[in-house]
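Handing you this structure, nothing more for now.
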Amino acid sequence: MSESQKNTWRSKMHEVIYEADTPLGKWFDIFLLVAIVASVAVVMLESIKSFRADHAELLFRLEWAFTIFFSIEYIARIICVGKPFRYIFSFMGLVDLLSILPTYIGLFVTGTQSLLVIRTIRLLRIFRIFKIARYLSEAQTLMKALKASRPKITVFMGAVISLVIIMGTFMYMIEGDAHGFTSIPKSVYWAIVTLTTVGYGDIAPQTPLGQTLASMIMIMGYAIIAVPTGIVSVELSNVQQDKKITTRVCAECSQEGHDDDAVHCKYCGAKL
Amino acid sequence: MSESQKNTWRSKMHEVIYEADTPLGKWFDIFLLVAIVASVAVVMLESIKSFRADHAELLFRLEWAFTIFFSIEYIARIICVGKPFRYIFSFMGLVDLLSILPTYIGLFVTGTQSLLVIRTIRLLRIFRIFKIARYLSEAQTLMKALKASRPKITVFMGAVISLVIIMGTFMYMIEGDAHGFTSIPKSVYWAIVTLTTVGYGDIAPQTPLGQTLASMIMIMGYAIIAVPTGIVSVELSNVQQDKKITTRVCAECSQEGHDDDAVHCKYCGAKL
Amino acid sequence: MSESQKNTWRSKMHEVIYEADTPLGKWFDIFLLVAIVASVAVVMLESIKSFRADHAELLFRLEWAFTIFFSIEYIARIICVGKPFRYIFSFMGLVDLLSILPTYIGLFVTGTQSLLVIRTIRLLRIFRIFKIARYLSEAQTLMKALKASRPKITVFMGAVISLVIIMGTFMYMIEGDAHGFTSIPKSVYWAIVTLTTVGYGDIAPQTPLGQTLASMIMIMGYAIIAVPTGIVSVELSNVQQDKKITTRVCAECSQEGHDDDAVHCKYCGAKL
Amino acid sequence: MSESQKNTWRSKMHEVIYEADTPLGKWFDIFLLVAIVASVAVVMLESIKSFRADHAELLFRLEWAFTIFFSIEYIARIICVGKPFRYIFSFMGLVDLLSILPTYIGLFVTGTQSLLVIRTIRLLRIFRIFKIARYLSEAQTLMKALKASRPKITVFMGAVISLVIIMGTFMYMIEGDAHGFTSIPKSVYWAIVTLTTVGYGDIAPQTPLGQTLASMIMIMGYAIIAVPTGIVSVELSNVQQDKKITTRVCAECSQEGHDDDAVHCKYCGAKL
């Protein structure tokens, strides 16, 4: 931001809306957080039939209040940002737009039911708020660990999906139509329900052979759940240890990553 | 505690009730523990209709026996403590009061049913007993690790709740009223039941699309459960390592990393 | 064992039955393992009504074959062991006796049904076999880690049980008789089913408030499961690291537990 | 491979089919992956009755298209490999054969239903593709950790199976025929469903005693799940640490623990 811009109202507004260092910026963020959560709550309440029947008027007014507030906020964001188009077509910009559009569309189209889902997209706006969170660095640590675990988790998921399809097919052959295993996809669905230990019980094996195979799947699932947990534990521990590695840089070769107890640079041998 | 107080009966009583170093204090704590567990058991048995019908007399007498014992203990605690008001309005003081009040109120008000819950608050008194537990340091280690994990767990919980609301809304749109997904809150409830792998089966998806989405939620839940586990593992490991390694530095060779029980430097042999 | 005994048939038998270093001892153990597993399988098959009706004769013969074999083994164990009474009243000795008694009792008493359970106690005999397992040291590592985790797990279990009783009581008040929460113990049972993510669905909350509380319990259970996992992970890792500590003993003060990289004894400063 | 062979069309084909370093080899692998997944999808869709009725013609044609493609690939693999018989009787060779046979058999035999399972064996062919995966080293790390955990997991599984049989037998005695526990194997099945926290709810204890025992099993299952997770976490962490630290020793100061990428000793600066 250039010196000249700094004192205009646009930069002032930018500070309030986009940053969270000033008291005003912080309060704006907190107020926005409350508005987002409340507006999602309204959408949820609206989906309850009896509530909708009793409080149609109230819900209608609240919905419009939130929409107008979010619209003003959306326009303000466009005005005060440096590159408006970049914002509009960014992920967050699209989420912001999607969270106000449904109410306007509802004016012209009836059957707002299907717009309910789009309205709950508002919840994604909460991520915008994370900047005030003092938890930001925590989230970054988590994200780093999850990113580092991704290749291993992908391999693991591939193995789980193969297993589930093969097991589901076997159960389809063993139990068959009569016991609810009406097709392979449904049997695979059952295998997922079982392996993940969810176990609805809407479909359950009834033949001794099926129950034996199911037992094996369950015990497998019990052992298998250890794998992603182990992966994430190790990566989280790595991420935290990386933090512990000193930030010392070798004066000779400028390389980093030296251990705490290193006396000499491990790359060029110069004294640290 | 001043020297003069030490020999009075009040300080003697204080020793017995509040401390656990003397044999008498220990026995008092054990007796109290048994009384608390027994009184909670009585409340639980009273809630069983057939048992209440058959043993009304016995339950009534036991209830009063416990209440009178706890009342005497409550008064004794007030008498022998240094700052009575501080105790009365402390969390533990209020719990102590709440565990005797309902029986007295029951004398004047009928419909004791709603007082049953308040009576089970007695169970919280068990925490008072933890002072005899040789497990105390263990509990502290656990609490420290959980406290250290809190910011990460909070971020994680925020992500889980957002996920659950969005997924619940999608399922509400896909499955709809006919299959038990009667409102968004109910669908969110279903999503929580599924993601946490509880899986009651009171509501279960029946359309192929719904079952596909449900499968995705389950597999996600399977991977997601790894995250809090990893967090707690790492923090517990950190807490335990912090305990073991002192920050002492050898005066001779300036090296660190000495064990708690080290008397001499393990590198140069100098006295620490 | 004295030199003179070594060549008698008793010591020979002792070698075969109690030890597993000689080929004969190994084969005896493997044969015994097969016999135990087979005899438990017979008990399990006998409990299936249709199977019992069809194969009564076969089951009867097999049962007696196993009983006679185990009886001979039991007598042999008594004969060849040094202190017979010590063996008879040891845990394993009682298990050995209990695994043959029911069949003999069945001769005089009808209604063997209730003896079925005692017969499955035979399965405990499998632990006797672990001595051939090359997995023994693995089992010891596991046991050590679990023993080290016990105090923490105990504290954790105490917290979980308190939580479950309080939550169960609340659900009993909220949902009440009409929705299956007929008493506090039953509600506590439901709370355990939910918190451990088992989720049978035989009892499930039906009021919005109950479902909200249930959701909270589930998410709690999801986070809580991280705690024992973290505890065991850390203890297992500790046990394995302890193994890495050298077995060097200081020549001066005879103390152990020195680190890999220690040059001097950390207790007396003497050179190692 | 000898120099002379290198330019023949057989070695060219070998390069495309068996290797993934050349662009052509990569494209072949990707195309094969898509074909395998698509052919499994066709098998799954075929098992859905309504879909089979509507699209019998399409499914028939797709099935033959995939079979012919896989047949050509199978013959090509035999032709261009050095030792054809070794390939044919290798695990992957048999899987390749099994994935084309069912369709040909279906020409002569009716009742293709039972051949559906064999056809899904095709999915195993996906493992062939893993060679292109940049995840290969990840899979190796996972496999190494799982292999290292095997003895501990085996001991653990043995304990779990013993526990489940004993618990199942007790429940069979307590609940009995009337509540769905019709035989010991069925009760053991229930115990597995409960201990692994799957909890279908098709069989659930109904007597107070049975529910108490069930609660104990659930809480045990809750604690027990910590064990395999702990095992895998520790082994994964070991495998990763083994990777990072070389066993190189500095020639000057004889100290160990140097990183993989170290060129100079981090303690004295001498060249490694």
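Structural remarks
Going by the order they are written in, the chains are A, B, C and D; count residues from 1 in each one.
Just so we're on the same page, a residue touches a chain if its C-beta (ideal position, glycine included) is under 8 Å from a C-beta of that chain, and two chains touch if they have at least 3 such contacts.
Molecules present, by chain and UniProt name: A, B, C, D = Ion transporter.
Computed from a prediction, not measured in an experiment: that's the story for all the values here.
Listed by label, the chains that touch chain A (Ion transporter) and also chain C (Ion transporter) are B, D.
Taking shared numbers over all numbers used, the chain C (Ion transporter) to chain D (Ion transporter) interface scores under half, which places it in the different class. Chain centres computed from CA atoms place B at the largest separation from chain D (Ion transporter). Counted by residue number, the contact pairs of B-C are over half the same as those of C-D, the matching pair from B-D, C-D or A-C.
One finds 40 Å separating the Cα centroids of chain B (Ion transporter) and chain D (Ion transporter). Centres computed as Cα averages put chain A (Ion transporter) at a distance of 29 Å from chain B (Ion transporter). Along chain D (Ion transporter), residues 185, 188, 197-201, 225, 229, 231, 233, 237 each make contact with two or more other chains. The part of chain C (Ion transporter) that touches chain A (Ion transporter) in the complex is made up of residues 197-201, 229, 233. The residues of chain A (Ion transporter) lying in touch with chain B (Ion transporter) in their complex are 40, 43-45, 47-49, 114, 116-117, 120-121, 123-124, 126-127, 133-135, 138-139, 141-142, 145-146, 153, 157, 160, 185-186, 188-189, 192-193, 195-202, 225, 228-229, 231-233, 235-237, 240. Residues 151-152, 154-156, 158, 162, 165-166, 169-170, 172-173, 182-185, 188, 194, 197-201, 204, 208, 211-212, 214-215, 218-219, 221-223, 225-227, 229-231, 233-234, 237-238 of chain D (Ion transporter) are the ones touching chain C (Ion transporter) in the complex.
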